[in-house]
Amino acid sequence: MTDLSEDTITKIRASFAAQSLMTLIGADMTRLANGSCQITSPIPDSMRQQHGFGHAALTFGLGDTAAGYAALSVMPEGHEVLTAEIKINLLAPATGDRLVAEGRVLRKGRRLIPVEADVWAEQDGKRILIAKVLGTMVPVPIRTAAT
Amino acid sequence: MTDLSEDTITKIRASFAAQSLMTLIGADMTRLANGSCQITSPIPDSMRQQHGFGHAALTFGLGDTAAGYAALSVMPEGHEVLTAEIKINLLAPATGDRLVAEGRVLRKGRRLIPVEADVWAEQDGKRILIAKVLGTMVPVPIRTAAT
Amino acid sequence: MTDLSEDTITKIRASFAAQSLMTLIGADMTRLANGSCQITSPIPDSMRQQHGFGHAALTFGLGDTAAGYAALSVMPEGHEVLTAEIKINLLAPATGDRLVAEGRVLRKGRRLIPVEADVWAEQDGKRILIAKVLGTMVPVPIRTAAT
Amino acid sequence: MTDLSEDTITKIRASFAAQSLMTLIGADMTRLANGSCQITSPIPDSMRQQHGFGHAALTFGLGDTAAGYAALSVMPEGHEVLTAEIKINLLAPATGDRLVAEGRVLRKGRRLIPVEADVWAEQDGKRILIAKVLGTMVPVPIRTAAT
């Protein structure tokens, strides 16, 4: 995390901690750098779909969050980030010991920050790609954080 | 719900009840018909993003679920449904008394079922469109429900 | 077209006429209103895929254009529109006498204009929905029209 | 191209040659391997948008085609490929000497083949990423190539 200022790291970690859903999931921000972010999470029993796999909403939420904080890491002072749109392709069931989402900024735009994320399922030290995310984050001045 | 067989209704309601995430959210299936489904949900305090609005993963999960059961309502016997991909555009913050997601089948394909969903936020009897969903569901024989 | 000023109509028609691809296709802007736009097009022999149907790029281009001018119709003076992202679900082959794309604004945002479009194939007066489009347009001041 | 059989290479090149739109564009298949494909193209004067940049439909068409033939390269005998859905994020204007689209298979599924593509604009030997594509291809038996 050496390529980010202490202020930026503090701001991002505070924002992540303020997301009650991330607390409920038990997710951690396990890596943060200039333009990228990694979120690691269990697959809670309470967040499954009808076959007992992790719900698509869980996979989506981790990918969205990793991509969103990747975007926030490159934004100017005094700005927050909102998700404008996200597309997710689900490649394999969310199962195993834990999920790891890795978000990246594709371009540091002034109006828009296109992002992508990979979501992996890890079991016994092996990992499988379970989802690909492609989306758009929007910088908004902190005073008017609602779109 | 008169245009669906009792068997289909029972199968879909059992599948919905088996989704632990829907129970955790406190979501209800409030309408079900041939090719459409409505899910109604509170905005739990535990599922917020950093500004206190409902998390995008909540909105996504409701839209995905409404669209998925809309698809299951038109599938042949002995099939389950998996989400292949979903795109969501977030139009306004998830706030208010409750969220309502309305899913529809766009085309009853054999291999693929394209679907859409609208997600609304309701407050004091008024509703605002907060998200648009466009995705693809895939029928899979029940024995091999994992993609 | 009575709900748009003459200036806006002139600006949009000039912009459409400046798209060399629309001229090559032989596409027409057949309806324009506040927040919506219809483009009608042949399926040129030179724009087919390997089975002889209209290429997905043709269907995409019509949907993008209808959605883009729907967005431009609601933008403030002195702004152009750029496509930030588009998702298209292809529902049926592009075949028949002509294609008709109908674009709509979903929300008149200041930073982003989410849009959707339906693309229809018409034959002998009947029409089939061949594609659904969901995307995001961005207003940019005319001087700096490149993102 | 040594990892593909002569039959597969012949089939794919014949399919590409049968796309009249690729001929109209003047696009070439400049690389083909097991699970990936590269398409290189000029930016024809006749395929521009209103600012003189390459039209989004051109960028889309190249990305779709590169991704589609990447998918076809991993399909079993006797199958064709159809695009089910594609999402494209446009990152920069399509300008320069030529465009290069690189498609990749994300997972070799039986029912669905998720794919991605990058589209680059090259000028004076330098290249800029102008678009990211994430989509789904579907294998269909050759007899019933229409969805």
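Worth a mention:
The first chain written gets the first letter, and so on, giving A, B, C and D; residue counts start at 1 in each chain.
As a working rule, a residue touches a chain if its C-beta (ideal position, glycine included) is under 8 Å from a C-beta of that chain, and two chains touch if they have at least 3 such contacts.
Since this is a predicted model, take the numbers as computed values, not measurements.
Using CA-based centroids throughout, the chain positioned farthest away from subunit B is D. Over half of the residue numbers found at the subunit A and subunit C interface occur in both copies, marking it as a same-residue contact. Note on interfaces A-D and B-D: more C-beta pairs are in contact across A-D.
Look at where the CA atoms of subunit A average out and do the same for subunit D: the two points lie 29 Å apart. If you average the CA atoms of subunit B and of subunit D, the two centres end up 32 Å from each other. For subunit B, residues touching at least two other chains, in rising order: 84-85, 87, 89, 91-92, 109, 114, 136, 147.
Residues 87, 89, 91-92, 106-107, 109, 114, 116, 129, 132, 134-136 of subunit D are the ones touching subunit A in the complex. Those residues of subunit D whose C-beta lies close enough to touch subunit B in the complex are 84-85, 87, 109, 111-112, 114, 136, 138, 140, 147.
Chain contact summary for the complex, subunit D toward subunit C: residues 15-16, 18-21, 23-24, 45-51, 53, 55-58, 60-61, 64, 80, 82-93, 145-147.
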